[in-house]
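Supplied in structure tokens, the structure appears directly below.
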Amino acid sequence: MDYNPANLLLLLVILFNFALLGSSRLVACIRIVAIQGGILSLLPLFIHGITGHSLFLAGGAFLLKGLVIPFLLLRAIRQVHIRREIDPLVGYVPTLLIGTLATAGAFIFSDRLPLIAAHRGSLFIPVGLATLATGFLLLITRRKAITQALGYLIFENGVFIFGMLLAEAMPLMVETGVLLDLLVAVFVMGIVMHQINREFSTMNTGQLSSLRE
Amino acid sequence: MIAALILLPLFGGLAAFCLPSDRFRPLLLPVCSLAHLVLTFLVIQSGQALTLSVFGNWLAVDAFSRLVLLIVSLLFCGCSLYAVGYLRYRLAWGNRIFVSCLLIFLAAMSLAAVARHLGLLWVAVEATTVASAPLIYYNHNRLSIEATWKYLILCSVGIALAMLGILFVAYASLAGGAHVSLQFDDILQSAANYSKPWLRAGFVFLLVGFGTKAGFAPLHTWKPDAYGEAPGLVGGLLAGGLTSVAFLALLRTLQIMDAAGEGAMAREAFLAMGLISLGFAAVFVIRQPDFKRLLAYSSVEHMGILAIGVAIGGIATFGAMLHLMNNALTKGVLFLSAGNIHRRFASKRVGEVQGAITLVPVSASLFLLGFLAITGSPPFGPFVSEFTILRGIFAGGHYLTGGLFLFFLSVIFIGMGSTVLSVVFGQPTAGKGDKNYRETIMTTGTPLALLLIVLLLGLYLPESARKLFADAAALLEVKP
Amino acid sequence: MLELFLHLLLLFGLSPLLLGVIGKTKALFAGRTGPPFLQSYYDIWKLFGKGLVISRTTTWVFRAGPVLGLAVPVLAALMVPFGSIGAPLSFTGDLIFFVYLFGLSRFFTASAALDTGSSFEGMGAAREVTFSCLAEPTVFFSFIVLARLSGSLSLNTMFGQTLNVAWQSAGPSLVLVVACLFVVVLVENCRIPFDDPNTHLELTMIHEVMVLDHSGPDFGMILYGAAMKLFILGALLVRLVFPGSTGNVLFDTLLFSGSMLLLAMVIGVVESTMARLRLLRVPQMLVGTMLLSFFSLILLLR
């Protein structure tokens, strides 16, 4: 495994994944997601060099993932006065354990994938898979609407890492479209969260269980 | 002209957002949708494929696009005429977000239909999710917010998985040594060289992702909640328009797999999904007390039928294309009339809604006829399409599939029938409900018109329409 | 011979100074003058001159605890390289011996605490052994990483010359190991954020409460032993971070002493800037650290 800057950044991403899985303070979680988004937005510059395309992508991703989306989420919970997540479905320690196992599994699995030669030493695929798993875990086990939205964002981060390998395939317009879509989705989620809080006086999605057969 | 298809509703949506008057805003809807319909007809009439060569081949109209554009446009037109009457009835509720989101929704669906780049298709489908979430929430109560949240999260995650699938397909081209491009035409040309494991993995993720959007079982869990809690016209648009667009995305996936020579595996997956969806629908339709959730399961059933039709191939594909249109329009009828009944009785549960035929005669009879249509009774359109699919199944020798197909369809007919009949007939339940609700031309005329189109499709298929469906089916011909 | 002499000199001479430096750093942060650097020496001297008060409910275990608390670090120190001064005592597998030596001393300290029959000490003992139990896998995983990098199971070789090369080839793994070992140093020596060495509130004491009943020379031995334990574990950490050697014994000794004092300052800074974690969160943090060290092992294996 070669230690170029991109790989080191990806290692940081994994550490942040763990930090997110173990943290119960909502504001801290949002900040971690913001930092992770910021780190990820620097990656295109390291892989594809400083071209117009990568600068635009990095700048746009940094702006949206690192600044605007966390700002929207912080604003969404500001009125809520809730600062801590309640106990998740699976406790924090088991979540951390599952996350570590998933990360280990991602590393082992990606060694067996048929990658092209240029990608073999790099950490993209394992970190991408691990981030996907982290996002999934957050989505499934957490009860507050905001953490589910954060899980979705981490999931998208994982997809973004994969997308990094394939920058030629994703022209500028599409990347912009993807980022904008993410922004609008989070915006709408923020509004819905606000409405949830207004209706139920809590963001505990365990309350959202009246619709069933 | 293709750009106009997308930009027109988009600007209409922005104009609706800026327009201050609640009273006149709904009028934007039929204006935009009629213009969209005219544009659609023009696009369909022009024989050759129109392309928008900005940055190369981004938007183009092929046979699938024509079919889906026509379906979406017709359905939206009907729903928008209905919306004028509906929103006038709910004037006190305010409709700024509603109308603008509806128009943006139309723009996103049109974009998805004509996109020739997989990334653009993804952006459009995600945009439809985001644009339709506020529509579900229109009733502003606890149940609808629960439905909106589940819809938003489930569909967004599903779409994210679809993105992963798209990236895997791109990686398949990279690993196969071909030129990496997500332009659809490039993919179709070079798919034979793609690396098979990556392509298969990508297909699975695309199937799961777009299948969540279309509502295949077991990814359909958001459907009953969303369709049940949304206003009738939104439900109709979702069930008719959005599922058709999602199915289009799945058809594009199938095209890619065909071009790569993996069509057989893809078709097996489609067949499995289709049968599972039929099974789930059959189970949950029995004794369903909420008649709007019932319609959601009917939607799951019909997506299953479409998947089976496409999987079998041959004449069944033609049947599936015909069924796409029949399903969409009939769902429009069902949802709009169910919405009317819901308005009159202020409830959706079978215990509280009975004897609709005496209280809201036109809507109730439309609901009844719509039920007959959707479950495949002649002389309506879905009978023809389902029969065609069945012919294809038996012609191909898949007797087990055909047997299961017939079995599930009959179970669904019986299950739906018990609910629908008890809603429509019987002693009218007194008690709560809006006694002042009157059926107007706007709210009953459009479902009637849609039903007549469905009837027409069942009785007589005009040559131009037949060609439309045949062209679409031809795109999926398995080349030897 | 020289190594043995230097080891004992540094161990006995320098370890209480660490506590002084930590105290001074904390005072600096708090705007106080604080106790003098050599305060711990005065304390130990004073305590050894005092008389002993032993509770009637105790047995020989109570006397054994402090004795082992002093003897074990001395023995363990002989296996640890101080800077580039090699360890006088080393054999294959001595890393396991090292960990279990500390386990032995911990066992006797906890037993001595339980021996008094007071519920206070029992509470402290329970917490202390839980935390150490959770910290042990971290130590083992970190040692496994180092053993794999150096190809040997002896502490002397693991922390020896191979570290220079190891930093270049497995940098990120080693960074994670350093972080995990730092957490272990804080836990094992009862520093904030895991335990407050200055607290006298009953419900917040962990280590302090275990030694509440000891007095005079016994307490002096415990104090000295705690300082030595900090010194030894810190020496491991310092060796990881500064793996070089100058060749001259005097310079090496000076460098090592300087870096130990630097470590004491860092611990002082950490203690001043952080608050003690809630008791519930300490196991979670320790498990997290264990998983981090496990992850560094995975990175290495890849």
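Here the chain labels run A, B and C in written order, and each chain numbers its own residues starting at 1.
In this text, contacts are C-beta pairs under 8 Å (C-beta built on N, C-alpha and C of every residue); 3 or more make two chains touch, one makes a residue touch a chain.
Predicted model only: the values in this text are computed from it and were never measured.
When chain centres are taken as C-alpha averages, the shortest distance to the whole-protein C-alpha average belongs to A. Seen from the Cα centre of chain A, the chain whose own Cα centre is farthest off is C. The distance from the centre of chain B to the centre of chain C, with each centre set as the mean of the Cα atoms, comes to 67 Å.
Measuring from the averaged C-alpha position of chain A to that of chain B gives a distance of 31 Å. Chain A and chain C have centres, each the mean of its CA atoms, that are 38 Å apart. Across the interface of their complex, chain C is touched by residues 1, 3, 8, 11, 14-15, 18, 22, 92-93, 96-97, 99-100, 103-104, 107, 111 of chain A. By the touch criterion stated above, chain A contacts chain B in their complex at residues 114-116, 132, 139, 145, 148-149, 152, 155-156, 159, 162-163, 165-166, 168-171, 173-174, 177-178, 180-181, 184-185, 188-189, 191-192, 195-196, 199-200, 205, 208-211, 213. Against chain A, the residues of chain C that register as touching in their complex are 171-172, 283-284, 287-288, 291-292, 294-295, 298-299, 302.
Chain B makes touch with chain A in their complex at residues 55, 58, 117, 119-120, 122-123, 126-127, 129-130, 133-134, 137, 140-143, 145-150, 152-153, 156-157, 160, 163-164, 167, 170-171, 173-175, 180-182, 195, 197-198, 224-225, 228-229, 284.
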